[in-house]
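Next come two complexes built around chain A: one with chain B, the other with chain C.
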Partner chain A sequence: MTVEAKSVPVPVIVASEEMQAVRRRALRRQRLNRGMIYVVAIALAIWIILPIYLIGSMALSSPAGVRTYPKAIFPFTDISFDTMSFFLQSEGILPGVINSIVVALITLVLSTLIAAPAGYAISRYIFPGRDFYRLAILGVRAFPVIVLAVPLAVLFIRLGLFDQVHSVALMHTALTLPTTVLVIGSVFASIPYELEEAAMVHGATPLQAFRRVIVPLVLPGIAASAIFTFVMSWNEVFAASILTLENRTLPAQVLNALNKSSPEFQFAGGFFMLIPSLIFIFFIRRYLFNMWGQVTK
Partner chain B sequence: MAEIVIENAVKKFGNFFAVNNVSLTINDQEFMVLLGPSGCGKTTLLRSIAGLGMLDSGRIMIGGRDVTYMPPRERNLAMVFQSYAIFPHMTVYDNVAFGLKMRKVDPTETKRRVQQAAELLHIEKMLDRYPSRMSGGQRQRVAVARAIAVQSEVLLMDEPLSNLDALLRLEMRAELKRLLAELKVTTIYVTHDQIEAMSMGDRIAVMRDGIIQQVDKPNAVYDTPADRFVGGFIGNPPMNFIEGQVSAQNGSVNVHIGDFAITPPEGIVPALKPFEGQSVIIGIRAENIETFTKPTDNAMKVQVLVVEPLGSQNLLTIKIGTSIVKVATHPDFPAAPDGDIWLRFPIDKVRWLHRDSQKALAPV
Partner chain C sequence: MNRKRRNWTPYLLLLPSIIYLALFFAWPMARALSLAFWKEDARLSLRTDASFTSPTAGSLPQAATVAILDTQGNRIAAGTETSAITEVWYRMSAADAEGAAVEGWVLGDRVRVDEESDGVPTLGRIRAVRRSGADPQTSVYVEPGSTRGEVAARLDAQTEVNILESATLEVWYQISGVDENGQTLEGWAQSAYITRGEQDPSSGFIQRGDSAEWTLDFIRTMLSDRFFTSALLTTLLITLITIPIQFVVALIMALVIQARLKGNLLFLYIFSIPLGVSELAVGIVFFLIFTERGYLNSFLQGLGLIDHTITFISADTRPWIIIAVVLAEVWRATSIVMVILVSGLQAVPTELLEAAELFGAGFQQRIRHVILPLLKPSIQVALILRTILAFQVFAVVMAISGGDIVTTLARETFRWYSDEIRNPNMAAAYAGLIMLISIITAIFYLRAVRTQQELAA
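Now for the complex of A and B:
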């Protein structure tokens, strides 16, 4: 141990060789650990990004470019929207987009309208059978969609609802409700009841307490869950294919046309359907992290 | 006028009595401190008064009105929550102004009162901040400011200063007390801090397991605890309790600790007499025990185990029979571990307690 005597009365501690070696080893281990995490994270990211990248690059090159082999290393060199416009102009695609949007919007509204009060009740009130109810909600998801869709198709035919966007929206509402109820329930649960109580003690009616305290706090979470519902409906294909013939939603239409279509149609279709999900993830990623109890700003 | 009368209040959670038949009257403008160990039901009682969670039985009156079944907003009170419960989506200003807005106080008056409350709690520079960007102690002060800004007749505070540093707490304590007296508020104040309880309370209610054990002025609770629990809970160090045998010979009653005999004062003799041949508990505070370095009349010889210098006094630990006894002495008193000293119990400072019920024997 060498301690230098200095005129300034600041204690300067010079660590011994041995301590410095220990410290270096600790630092190296820390760096190694961090390095490993990065390696894993990058591997996972590539796993997900690569297909998206390939689809995107194909969709944004000319139809001729899609078919050439071998590919250029940087496919974006000849960006062209021909493939996309070819896809969008194909038969049934534009009506499909409109149907999809209508279905998704109806689903979003219905699902949120039903799930908001249900989620509130689940998180706030203790009522007989609450736990059973919570499980039962998930029950819908316990059956494969096909199992639900076929009897529903029969029922809808009988009711004269078959092959209509409304019926698809109803089905999608049923499919998205479990998730929506639980997500909105957890949003409500994350808000301490004492906030409502504090509002009421300080002169608010229950309704005022709800409107002034709870609503502003849950709104972002409910918005995120609504977007989530929208995307789930947008991407859903099985039920939509079974319940419609003429009035197909976009995924059903694309699926239907898939085996008789060219590669550029497939790439463009895939890419087009991906976009809403990507935008959605981008906007709600903070809430997703939030739901897992980790707030990242 | 806002006298609070609680009559036979019971609040159960399942089969558990969180508040067990509590009756308590808090006079108009009184500052009542509710003191008790964690989990004894202080918060539950306070919430019942506020109207959060209905009583299982009993009645609550505020200012002569029966409020038992009224919603919180009609009870005209304000409350500081133990968890603060300040609104995260509102600025400090809006938080403090919340009660005033709900009561439709006009804007200029609202502004004045928010300013006043904020200044008192030293948060006037943070009025446009959001709570998420404040420290725990600052949030707590926002919660207190929100409650006092309302200037309601009744103020319920659940450990409102618990998260402040010692110095700030000392200052807040005095200012809060002064302001509340000025506003003529009836206050119930929950705390764990005995010094806070002793210094702020007009009266202290000591609670345990959902039951109020004693309600009295701070000095009375300190000097004449109603039972062993109160004596042990209040005061630092806790009151000493020593077992003694009662004997009666030729009409004179004595209490023996080993070979040593104490002659109780006249007033308590009739109460002690029935316990002849049995034991009672003697309670005495550390600072009331007299210490001597030499044999003295009516003093018992004991051996010192530990000496703890605390600055203003020395705290001695002594074993009498099977009981550990703490004795406070002047710092200059010469006591050393393993050394002998002599103790005398001034009989007017002694509490006499029943051995089984552990309640104080009343002078008959």
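Now for the complex of A and C:
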């Protein structure tokens, strides 16, 4: 067709006009498609943001505002921190926040310390049992963790560790460890081994090469994984509720008070628990695919 | 990567994680199963005499009703170790309500010790009886060890007593009861294993046994539990509705991200926010929307669609609660599927999609014949992960409906191990059921995908 078009001068113009029309139409269709995609994207974004916006507007209005009905579709008319401060001053909430932070920090440190060498091993070495280990770790991650809580509670009671922040952290480490191993593994895998080799060629010992070259490169990724570990522990409610009685973490405390509490308490509590994830997911958004891409390989 | 020669280093590096998971994962998992099937206090063995050295005459199951024929207290010397459960008795003197001097033995539990010298109790008071219907007075016996022995006197609560002597006794009951085979057994057993009837002290039941056995009791109790069917069906229903919606929404999200719009990173961030949001918080948010004075009613009324508020969350509106739970779960857990699918999509070569487009494949065709087949491994992983997580839905249900009107298996696990009831066996039975259906589902997904591949090959 094109050859024919080239050989005869006049139809060339016609063809190019036609081609231009086709191109224009294609372009318009593409723009329309992109427009459609934008519409879908914005609709989905609204679906995600709307609930957060609603609870935020409840938590940041006055206690009287929380109880008004009908609720305004455009809230934030009277911003007030009374509801939030009422929640934070409720019995057991501040200790709960502290417990939650302590548990999450212990979990983060333990989980990262145990997982880092394992992640390094599965990304840098070939050894018999490597695939089995990865599969087992995947299996552990997919397993219903609810099953663990009760026997561990029985064990902790027997050992006198029950109702302690440390015991919750031990359990949370077991929950987060598989994910952390896989994530750190993928972080190491994304750094070419040649870099280590090059450093050694230039006279560095293996340990120096690791410390000077690899560590700075993997640190952001490991930090991201640590943040994710923190968020997972901060959010975990089932095991924390089973393993504690007096020293509850924040979610366990809120869950326990749920039936006996006022709407102000509930909505402020919901919003308060939500805040860290908003911040942390923002910081680690670039690493999310590192975390889960590994899973499917 | 993977260039280092084979040595022991990788195993050393893996060791901490293996040890940790063995301790805090494998062991509790096995223990959970044994809790569900192993009853630690299943049977009480009866002895021919009131002593641990005497031979056993047989055993009765826990909860069996027994007649209490006789009691005996074996006095044991102070400081001797005994595996038996002991009672402390005091020999005391006091003045009764009429002022008459009384001397005899009372059960230690009945006396509140007020004064001690060198750890030996000297002065005390008779405790008040709080149980309704119980004898308000406390008996003083001639001999220690038996609450059926000869009564020397009766004392009112709050009577002051001088404690003269204390004795530690192993208390035994002679009981007779009928075992599972219909045989009547008679023998002696430690008092602590038996709860006496309040009205009729000559009968009682075996509160707990002293030996363990494998049992299906917990499973049976679970199956006949009044919440069981509802919990199982609701869990399956929520999973069945949630998973397909999640996959469709997640696929759309993933394709939107893959379209590389302007502001792509912002969309990516927004779509992944729920990844880090606590289950409980999501439950509370959707409670806020669906509660009677919540946003949904406000919105509908604002549009003039309804005259007065609709009650969405009540015992008569289970479908609405389930809808709220499903929406909350879709909101919360679609992100993780999205992230897995985007990772999978990034591995799909763009040339392939361009080629398909060039050959005239429409959008739907591209999805069906190019994208979905290539995404299969990702979808498989996401399906397994999501389904198993959906079986554990808990906090959302608690936050939206309080966990009674609509209940799930995880909620029942929690109910059996909450502050009011601490029954690890029943909780483990429910948890074991969650584990069982999770394993079945995982095998099902793995098989389903494999057979498709085999068919294709």
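In this section, the second predicted complex is superposed on the first by the 269 of 297 C-alpha atoms of A that agree within 3 Å, B and C clash if a C-alpha of one lies under 4 Å from a C-alpha of the other, contacts with A are read in each partner's own complex, and residues count from 1 in each chain.
Please note the rule applied: a residue touches a chain if its C-beta (ideal position, glycine included) is under 8 Å from a C-beta of that chain, and two chains touch if they have at least 3 such contacts.
The structure presented is a predicted model; accordingly, all values stated were derived computationally and were not measured.
Q: Which term applies to chain B and chain C once both are placed on chain A by superposition, clash or fit?
A: fit
Q: First (chain B), second (chain C), both or neither: which does A:125 touch?
A: Only chain C is touched by A:125; chain B is not.
Q: According to the stated criteria, A:153 is in contact with first (chain B), second (chain C), both, or neither; which is it?
A: second
Q: Would you mind checking which one, chain B or chain C, touches more residues on chain A?
A: So, of the two partners, C touches more residues of chain A.
Q: Between chain B (first) and chain C (second), which does A:192 come into contact with in this model arrangement: first, second, both, or neither?
A: both
Q: Please indicate which partner A:205 is in contact with in the superposed arrangement: first for chain B, second for chain C, both, or neither.
A: A:205 contacts chain B only, not chain C.
Q: First (chain B), second (chain C), both or neither: which does A:174 touch?
A: So A:174 only meets chain C here.
Q: Which of the two partners, first being chain B and second being chain C, lies in contact with A:16: first, second, both, or neither?
A: In the superposition, A:16 touches no partner, neither chain B nor chain C.
Q: Does the superposition put A:216 against chain B (first), chain C (second), both, or neither?
A: Touch partner of A:216: chain B, not chain C.
Q: Could you state the shortest Cα distance, in Å, between chain B and chain C after the structures are superposed?
A: Across the overlay, chain B reaches chain C at a minimum of 7 Å between C-alpha atoms.
Q: Based on the A-chain superposition described above, do chain B and chain C contact any of the same residues on chain A, and if so which?
A: 192, 197
Q: Sort out for me which residues of chain A touch chain B in the complex.
A: 192, 194-195, 197-206, 208, 213, 216-217
Q: Quick check: in the complex, which residue numbers of chain A touch chain C?
A: It is residues 34, 37-38, 40-41, 44-45, 47-49, 51-52, 54-55, 58, 67, 69-73, 113-115, 117-118, 120-127, 129-130, 133, 137, 140-155, 170-171, 173-174, 177-178, 181, 189, 192-193, 197, 228, 231, 234-235, 237-238, 241-242, 245, 251, 254-255, 258-259, 263, 266-267, 269-271, 273-274, 276-278, 280-282, 285, 288-289, 291-293, 295-296 of chain A that touch chain C.
Q: Spell out the residues on chain B that touch chain A in their complex, using ranges where they run on.
A: Answer in residue numbers: 50-52, 71-73, 77-79, 81, 83, 85-89, 98-99, 102-103, 146-147, 150.
Q: Mind pulling up the chain C residues that touch chain A in the complex?
A: Contacts found on chain C: 1-4, 6, 9-14, 16-18, 20-21, 24-25, 27-29, 31-32, 35, 249, 252-253, 256, 259, 261, 265, 267-289, 291, 293-295, 297-299, 301-302, 309, 331, 336, 339-340, 342-344, 346-347, 377-378, 381, 384-385, 388, 391-392, 394-395, 398-399, 402, 410, 413-414, 417, 419, 424, 427-428, 431-432, 434-435, 438, 442.
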